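Chain IDs A, B, C, D and E follow the sequence of writing; residue 1 opens each chain.
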Amino acid sequence: MNTGGGFSDFLQFIFMGLQRGSIYALVAMGFNIIYNSTGLINFAQGEFVVLGGLMMVTLTMTLSLPMPVAFVITVLFVMIMGILMERLTINPVKSPSVMRLIIITIAVSIIIKGLAMIFWGKESHFMRHFSSEETFEIFGATILPQTLWIIGILVLVVICFILFFNYTMTGKSMRACAINRDAARLTGINDRNMVMLSFALSAGIGAIAGIIITPIIQMDYARGALLGLKGFGAAVVGGLGNSLGAVVAGILLGVIEALGGGYISSHYMDAMALLIMLVVLFIRPSGIFGSVEASRLKEF
Amino acid sequence: MNHIILELINLRKVFGGVVAVNALDLTVQKNTITSIIGPNGAGKTTVFNLITGSIRPTGGSIEFFGKQMQANHAYIAAGMGIARTFQNAQVFPDMTVLENIMVGRHLKSSSGLIRSSLIPPFFRREEKEIKTEAMKRLSFVGLDEHADKPAGSLPLGYQRMLEIARALAMEPKLLLLDEPASGLNTRETFAMGELIGRIKKMNITVMLVEHDMELVMDISDKVAVVNFGSRIAEGTPAEVQLNPDVIAAYLGE
Amino acid sequence: MLRLVNVNSYYGLVHVLKNVSLHVDKGETVTLIGANGAGKTTTLRSISGLHSVKEGKIEFEGNDITGLRAEKLVRLGIAQVPEGRQIFRPMTVFENLELGGNLIFKMHGKKQMKAGIDEMFDLFPILKERQEQYAGTLSGGEQQMLAIAMALMCRPRLLLLDEPSMGLAPLIVKEIFKTISRLKEDSDLTVLLVEQNANAALKIADRGYVMETGKIILEEEANALMKNQEVKRAYLGKDQREIWEK
Amino acid sequence: MGWKNYMGMLVLFLMVAAAPLIIRNDYYLGVLVFAALNCLACIGLCLLMGYAGQISLGHAAFIGIGAYASGYMTVRLGLSPWTAMAAGIFLSAGVALIVGIPALRLKGHYLAMATLGFGSILHIVAVAAIDITGGPGGLNNIPAISLFGIALNTDTRFFYFSWAIVLIGLYFGFNLIHSRVGRGLRALHGSEDAAGSLGINTASYKIQIFVLSSVYASISGSLYAYYINYIDPGPFSVMHSVLLVTMVAVGGLHKIWGAVFGAVLLTLLPEFLSSFSEYFQVIGIEYKPDYDTLIYGLILLIIMLFLPEGLFGGFGDAIHALQGKMKRLREARE
Amino acid sequence: AGEKDYRVGCVFAITGKASWLGEPEMKTVEMIAREINEAGGINGHKLKLFIEDSQGDNTRAVNAVKKLIKKNNVCAIIGPSRSGTSMAVIPIVQKAQIPLISCAGAEVIVVPVEERKWVFKTPQKDSDCVRRIYEHMIEKGIKDIGIISGTTGFGNAGRKQLKDIAAEYKINIVADETYSPADTDMTAQLVKIKNAGAMALVNWSIVPAQSIVPQNMKHLKMDIQLYQSHGFGNVKYAKAAGAAGNGIIFPAGRLLAVDSLPDDNPQKAVLLGYKNKYETKFNETVSTFGGHAYDSLWLVANALKAVGDNPEKIREQLEKSELVGTGGIFKLSPMDHNGLDKTAFEMLTVQDGKFVVLKD
């Protein structure tokens, strides 16, 4: 029956891992963006993914808009939600401590979840694939066109962000805000705008993740937390604030999960991935790409 | 009499590509004030970090009371009787001034986690003792009236005094002061000099890193000048002041 | 150029600035001296918009700037070198300078910014050597130079300096004071200088204010202040301290 | 030396003693039992987070260890509940030690991630190790614990028991923070370098407090098992860890009392909300439990937005502000 | 009028991780209660429901049941929705001596019956479901099978039954995999099952993720027969599986395929009545989950009608209840607190997003 044998299985797991990992990577990058401008972890990041997915379902499946139009509207919509979140809950905080802001983001995530439940109901929503649903074969392993879309979009987004943060003044200004607000303001950087921009961008990237994954995994209002946690794991293991790290760690996480599930035990597959992540952290306390030096120079 | 308490032998520390300390030899005599001066980035703070074990040397060795130090953590060096202050004053901002100094009594008290949590503080003799000892140090540096303020709200000069009081609470044999007068005005610097003098009288050996030359020249018994991690001069304050190398590298015309 | 009228500031419930009034004229170098905790830093932070003013008024070049945010004020031409070497520690020296120049970049483009950075490298050659190193690993003095360089990159008309000499080697202190005087002459920079090293500060200053527990208690020409017995006793130390400050 | 805290304990003691006389309904006592269990875990977490400055997003795992140790040893091995609870404490402490040594070298978000990962792993093990834990099907018929021969099998009895343990936990906690060790912990929170320079072995201290807080959690878990007599992996998920951290933060990170406040408030809140829904039905507006999530989130948000130091801190601030105002008024009069 | 209300409590996972169960359950009981009250109540007593949301969480469920008993003084409780939460509340109802009719699938909820005097349940037994599946396999000559289950109380109980009963039918389980309810891709597990040489696959789960299994199989070009459990009882799951869902076989109550039932089927009238009412009122398709709540409520209502609201009497009455319900024809007894057997199941299959009775 199956001819490819060992190698084709292996390839199959790799495809599966890439597809999972790409989403983790995108979520992780979302974390990084906000982290880079504020130093905080936005626990509502997973909720952006959910909003993206659900909005896209409504636009394409209920309102039958063409994919590209729906894509743009969805991303804009979620970006506006991100901006709203920042304006209403992060910006007004006068004396922000990181811990307090993090709890605020937890509260926001609960609120978004509650709203999503009211607007979209509790059931899973499914959506057409971007292109055909017919798999094709590579060395005996099958791959969905949607998986290629996911990987392609990931690569595109990563390149854009690396360029943005390391080579544009706005990107660097955003990092500066994260490191030392007062000093950033004294160089004329408008910290409030930077923070708002970072929320918009990270909401946008979350929306993209939601849009591209929904055809494969379906979407419901409660998905955010888990996606958020996995993405957080990837962001940290990759080295907080490092886009490339997020991608590597995200994909690593996905691939380990797939290989662990495939070769060892599905009962423990998530645990194995996490274990490896922990070991990575213990060996490199600032993540794979995080500079030990740089992180020692940062406060919490 | 001229007892050597600390000896740095061929000490070396490299950070990535930067050689911060390079083949440094230095001896410190008991009950003296030895100053290290040198341009910014010469490696003075690094030397202190090496002595206190918070970083490990790339080469060479440090001998304290004739024994080679193996400390690879700051707390081990502290246990051997080496106390220090930091270039950027590091008080515990959320604790009161008195509590800060009480932390300094850590090594002079012993109750562990279990004993601490079983007996309430007002039944513990040790706790009372810690407090009286801390009060003594507080008065010594003259911060009595600030005892109950959070340390973070003190002006910088007082924070430096507090750091010293905290270090003294350890009853150290050797005290390393990293720029204790930076950020103090001339008068306060004078007070600091006087304080260091009193510390010396308590039979505590002091090592001082400082850019305020008057202070250094006033109180030091010996001055070592480092540049690029190496010693370029050593001697009494008067000798060093006139050394042309020192003037060129550090003091200026 | 700059005028503070009855400014009051608080930290929580603590009244730190009590009716502070002072002024700095164009092209002038004014120094603010005072004991530890007198409120000098708070005064500067109030001017630069980092600390909010409860009562009173701040004017810059005739415009009311009370309550404006720091980043706005930088655009208006006020730059501050804050106390304690506020730099972007996990970024490289070069990136720090770029960020300092982000306003030039926005207004005049990349070339101008690069030129600005080169100027700074001429001013502080050590920074050039260390340009790829993380700013947080610089020595204290190097960090202070970087902080000054970053402020200068904003091309300010009014420079607020908070203890620029802190922790610097005598040679560098001299350099920095020289630089300040030079900047003042060359580019018509107005400077408000807070210093513990009162002697050195008064030497390059035109005028000085003395501050005590949140109040301005004295205003005089720098020369006069240096001779004032009270000031001498309180801030200039026991005797003459001329040996190391030429 | 912290007299106020000990007075507070006395007040709490009196409140607990009087509660069953006023609250006649076992249901409310039952809710307060859960509040006590959360309190216990939160006190430990507060020592770790608020005082030593180390975050843990995996604390529910220690609750789980306590609960499963108690469940497994009583049901499968037939040991007495007290023995099982003690075993749970040792097991938790051991696991905390093993995990803490590498994990506590990490800082900030990295530590958060490591503890979170650890918590998830244990949760997955609880689901998958069916032979020991019963898997998703759980363990049932866990016996009640008894004290001096009295089985603690009514809500009132368990209410007193659980709050007594909370009081003991508080007592240990307060003793600790007003001691050499407590100061050491706060010191390393303030500055690890400085703490090290004073002879504090920061690494060892961090591990000790991590172990201690795991013990608090473990006891909370054991009590949980003996109270509802059934356990499955559900309540020991990462989400519960996040909830615990939220409780501590809502109460105010830097005060043990904050943890108590936060735990009680966030345990009672959902019950308030569900009572609310009845009220709305009475006045004719259709209120659906669907809105609970939303309102819960909103309340949490409002607390965090308007009370920066958390509930307890906010309380203190208000008193402080009032005192300040009075003082100024007095000054003005003079 | 003037008669006191009959107070019945309900605990469902209305929100949270199992809301796909609790939601239709809540809607159903609210609908039926209104209907009963509009028709004059039960012997003149109004039926008053107290509905609590467990959020699928044990602690919440325990609190909710206590609240219903201690605060609302209910005489019987319907729910909880999930197997785990049901297990968590059993000690409470046993102690308080209030009858509880669970809407959750696992059989352990009512077994051993001596320890579960006050506990009943309406969903069909998982062991019967397994038997129906195995019988069908034997007919088709399938010997080696793979099983995959969700890691919930329901999945876990089913997995155990599948393994325990396999020997009885001389069926050989060659692969045994699980997935967590939040998982979104079972490729890894399926590849293993494929390589183990399974001739058919049983997917035992109650979570929405179960509809990903047929999709993944399609993508992997696995063409072995897929069986599902009665946890597949919501046509939305079949729709979500899309084209990949076609041909899935699973045993379920007849509610889902009422249209293809012969007219003489004794359940048909009940099924059609419930289905039509539910679908017109809520504008969504019925699921077997709502049906479980329907059966539970009617069991309670009938008992109330017969003996009034004394819990002990209700319990005794329940033990001899008979009901033509949506899940089958119930015949409860002191030895059987479920009252259904394997005839309650019909083998169904999926055809273009619809459930139909399997023909051969």
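Here is the rule we use: a residue touches a chain if its C-beta (ideal position, glycine included) is under 8 Å from a C-beta of that chain, and two chains touch if they have at least 3 such contacts.
Values in this document were obtained by computation on a predicted structure and should not be read as measured data.
Tell me which has more C-beta contacts between its two chains, A-E or B-D.
Most contacts of the two pairs: B-D.
Where the centre means the average of the CA atoms, what chain is farthest from chain A?
Computed centres place B farthest from chain A.
At what distance in angstrom does the C-alpha mean of chain E lie from that of chain D?
Chain centres of chain D and chain E, defined by C-alpha means, are spaced 36 Å apart.
For chain A and chain C, let me know how many angstrom lie between their CA-based centres, rounded off.
43
Quick one: chain C and chain E, Cα centre-to-centre, how many Å?
One centre to the other, that is 74 Å.
Just how far, in Å, is the C-alpha centre of chain E from the one of chain B?
Their C-alpha centroids are separated by 73 Å.
For chain E, jot down the residues that touch at least 2 other chains.
Expected reply: 15, 151, 178, 180.
Where in chain A do residues touch two or more of the other chains?
Correct list: 117, 267, 270, 295, 298.
On chain C, where are the residues touching two or more other chains?
137
State the interface residues of chain E toward chain A in the complex, per the touch definition above.
My answer: residues 15-17, 19-20, 23, 151, 177-180, 182, 184-185, 187-189, 191-192, 194-195, 197, 208, 211-212, 218-221, 236, 239-240, 242-243.
Please give the residue numbers of chain D that touch chain A in the complex, ascending.
Its residues touching chain A are 102-103, 105-110, 112-114, 116-118, 120-121, 124-125, 127-128, 238-239, 242, 245-246, 249-250, 253, 290-298, 300-301, 304-305, 308.
Considering only the defined contacts, which chain D positions touch chain E in the complex?
25-27, 30-31, 34, 124, 127-128, 130, 135-138, 140-141, 153, 155, 228-232, 234-235, 270-271, 274, 278, 289-290, 292-293
What residues of chain D sit close enough to touch chain B in their complex?
1-2, 6, 171-176, 178-184, 186-187, 189-191, 193-203, 208-209, 212, 254
For chain B, which residues are in contact with chain D within the complex?
52, 54, 73-75, 78-79, 83-84, 86, 90-95, 99-100, 102-107, 109-113, 116-122, 124, 126-127, 130, 163, 166-167, 170
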